[in-house]
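Once you scroll down, you'll see the structures, which are given as structure tokens.
Same chain, two partners: subunit A is paired with subunit B first, then with subunit C.
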Partner chain A sequence: MILVGELAGLPPGESVRVQGEVAIAVFNVDGELYAIDDTCSHQDASLSDGWLEGCAVECPLHAACFDLRTGQPSGPPAKKPVRTHAVSIEDGVIYVHESTRVTVGGAVAEEVG
Partner chain B sequence: MERVTVVGASLAGLATVRALRAQEFEGRITLIGDERHEPYDRPPLSKEYLAGTVSEDDIGLTHSDDAELDVEWVIGQPASSLDTAGKSVELAGGFRIETDAVVVATGARARELPGDCPEGVHTLRTLDDARALRTELVPGARLVVIGAGFIGAEIASTAAGLGCEVDIVEAADVPLQRPLGAEMGAVCGRLHARNGARLHAGTGLAELVGETRVKAVRLTDGRELPADVVVVGIGAQPNTEWLAGSGLDLDGGVRTDEQGRTAVPEVLAVGDCAHSYRDYTAGWLRLEHWTNALQQPAAAVAALLGREHSAPAHHSVPYFWSDQYGHKIQFAGHRTADCTVQIEEGDPDSGDFLALYLDSEERPVGVLAIDRARPFGQWRRKLARSR
Partner chain C sequence: MTTGELPTAQEQAGDLPESLRETLAGHYYTDPEIFRLEQEHIFEAGWFCAVLSADLAKPGQFETIQVGRESVLVTRGRDGAIKAFLNVCRHRGARLCTEEKGEVRRSFQCPYHAWTYSFDGALIAAPNLGAMEDIDRTQYGLHDVHIREWLGYVWLCLAEEPPSFEDTVVGDVNARLGTPDAIVGYQVADLKLGRRIEYDVKANWKQIVENFMECYHCATIHPELTEVLPEFADGLAAQYFVGHGAEFGEDVQGFTVDGSAGVEKLPGVSEEQDRRYYAITVRPQVFINLVPDHVVFHRMFPLTAERTLVRCDWLYLPDVVDSGADIDRSVELFHRVNQQDFDACERCQLAMDSRAYADGGVLVPSEHHISEFHDWVRERIG
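So, the complex of A and B:
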């Protein structure tokens, strides 16, 4: 379990990077928290620096989009998903529970906005 | 409409095919490509692929879901002519494909030096080019890059990382002057010297020295740079010669409206070959940007099929990136000659920064960042909204 910080420190629309076995990006999407691997599966870019579009994040370098719920990319240049991680809140503090293997989700991210 | 033929099987062509199916076109799709490879991603050819850190599999653009696209592939065969009246595409082998609509996505090719070149002189545009160059960039090899544009700079960066001795020759006084202006072009140019590559600006190529194999590059200022390998990175030109006589307007690329429609019904053009009207600049631009090739086809397909299409606002802001010596250079917007540069964050002399380009009325029209991806993304969207 990785301590992220106080919930109050991560308002909606914001993201933060924490270090687990690998770097993990944590996002607040309108009050829902999501955590995925921070490093884009396409190239070495930090997804916590990316742009939130609904439930997807756009890689800040090459515009690959990942669904925060499933880790699936919506199209090129990324072909591989990123791992998703469980997030919990206890007494106003955010924790990430790092996954051990790739989560293969059903839905594919759509870029919206 | 029963059959759509897409000419060009790189990023824009593949994105067109995907968009056709995503927008529920159920007819036949034929995809024609002149290279014998399945679609692959070009940006890594000057970077990770050239460095040997990613494989050909890694840069493939297709994936398992693409089997459902139900496409007739014609690869390794260039198209040789387009008959817009009879609606057919002829292949170089003589085969003729009857079609109801054509999407031209034939891209661009590397501009070459006139005349014959000795061995060891390369351009870089295709996977075959990259394979050939890669075998020559061995540690200690003396590389001379002609042209300090983005491709030349990336090759110099990769080669320096591979242990080559690198010289870069740039005819202009400052590299990247057209896209970035003199001030920021100079900032990017300094990356070379900081990383052990020598930039020779303000001098041009006079002559390649060597009988069968290149030995040196003679410059217009009289100097001679010894060379085992030469890369010519002097820009690209659109692949539109095959459209001669088709009736399409080919001035500066295939001229289209904002959606990619040409003046001929059911003939569209997308990607690097398209000289398209851009709302962002209120004028026509041919863009060789990766994101343009990826994103323009969805709008073109919607126009062809009569569908509604809305893209995120920031897609209208031209965007490109370049990776050099471990630094991420990003630019969005459009610089004009009357722009002034304002440093918004950081310090160009010491490292990472973000700069805005202001037009004559001091409105931001472009943004450049080195290693500042997060604020860059925010500025790119602000530029979209300020239009």
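So, the complex of A and C:
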């Protein structure tokens, strides 16, 4: 479980980057919180610096889009998804529960932890 | 001196009759080294009028402007404030924006390695930036350029410590009009662009300034203007005096190509200013012309020693522009004046490297005030 910070510190439309096993981006979309891997699957860039459009984030470098709910790329040039992570709020404090990464035959599989 | 011999430099430097004063020597208008000194010590050192603020109506709209030797990117931030930066990527120096104007949606991104900057110049992303944890990205934003907004225009200064805007830009206007109050009534910042015409002039920028300062040429090359402002036939420019507006001719109804009526008068123009034409040079690259129903605003962009781009804006009351009122005849008057003037400047430019002009020419009494401009230039470039 990764401490993100006070909910009041992440108003709607804002994002923050926290460090788990890898960097994770947490977004507040109109009061709904989402967390995904921070690094774009196309080229190393921080999605927490990207642009929120509804329930998607646009990478600041090459405008690849990811659905925050699924981590699936919703706009080119990214082809691979990013991981999503569970978010919880306890006493006004945000926590991220990082998904585990399981390597199977060189490919990265995922399961929610 | 027998016919066919040229006077020597010594003979020319000798005492001029009282009526005449020296000009700058010809090479001041062609020498790339002098132009380089002017870029450094004049255009990069003082305030430079760059952009009509209203042309950057929304965040992300931008213009790139050549100021001296630098390209400057001028844009509007998300907070609505105008910002200006050197148009150079902090990574490897690529020119960030190559377009003269445009609009970006999210950010300014270098087309080379995709270093990406916000509208306020901060570095917001770069490939692999996350892996370079020792980089403080706040140290790699675009280089800021000082800005001021006045008269509805964005003025830039590339100097680290800009000179006083009030003493230089505002000072030039006040010195010409005689009082700081005189320009207020024209409410220039509240006017709207009715027409813009660009002129690519094959002449040194100083030719254009000098031409604008005097009216010895008016009766010869500006028949339409002299018809509207009959006193110009005497050869004394409005700029010869302090606080003087040239009066419209008796039969003239408006500042138009045929003297016909203009459009709705600017409400703040006083009784003394009505039916008069005022002209101001704001050194080094702005000319402002004030008439009762509009303002003609010239910005010069010196590109090389022998080439200057001039952008001329005709500004009217917003209602006049929005109503689609006919401004053709009022635009046509100064458009003709511009063409006539720039033709004359190009004609002079052709001769600047002639041995006949190596030591320059002479200024007649109605042009003597141009010496002050020459002194101003020489003081700066040494």
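Rule of thumb we're sticking to: the second predicted complex is superposed on the first by the 100 of 113 C-alpha atoms of A that agree within 3 Å, B and C clash if a C-alpha of one lies under 4 Å from a C-alpha of the other, contacts with A are read in each partner's own complex, and residues count from 1 in each chain.
The rule is short, and it goes like this: a residue touches a chain if its C-beta (ideal position, glycine included) is under 8 Å from a C-beta of that chain, and two chains touch if they have at least 3 such contacts.
None of the values given here were measured: they were computed from a predicted structure.
Of the two partner chains, subunit B is the only one that A:76 touches; subunit C does not reach it. In the superposed pair of complexes, A:49 makes contact with subunit B and with subunit C alike.
Applying the stated contact rule after C-alpha superposition, one finds that A:39 touches subunit C and leaves subunit B untouched. Of the two partner chains placed around the shared chain by superposition, subunit B and subunit C are both touched by A:62. Contacts of A:23 after superposition: subunit C is touched, whereas subunit B is not reached. Across the two superposed structures, the residue set of subunit A contacted by subunit B and also by subunit C is 43, 45-46, 49-51, 58, 60-63. Here subunit B touches subunit A in the complex through residues 11, 15, 18, 41, 43, 48, 61, 63, 290-291, 294, 312-313, 319, 321, 328, 330, 373-374, 376-378, 381, going by the rule given at the top.
The touching residues of subunit C, counted against subunit A in their complex, run 106-107, 109, 114, 116, 124-131.
Of all residues in subunit A, those touching subunit C in their complex are 23, 38-39, 43-46, 49-51, 58-63. Interface residues of subunit A facing subunit B in the complex, by the touch rule stated above, are 43, 45-46, 49-51, 53, 58, 60-63, 75-77, 79, 111-113.
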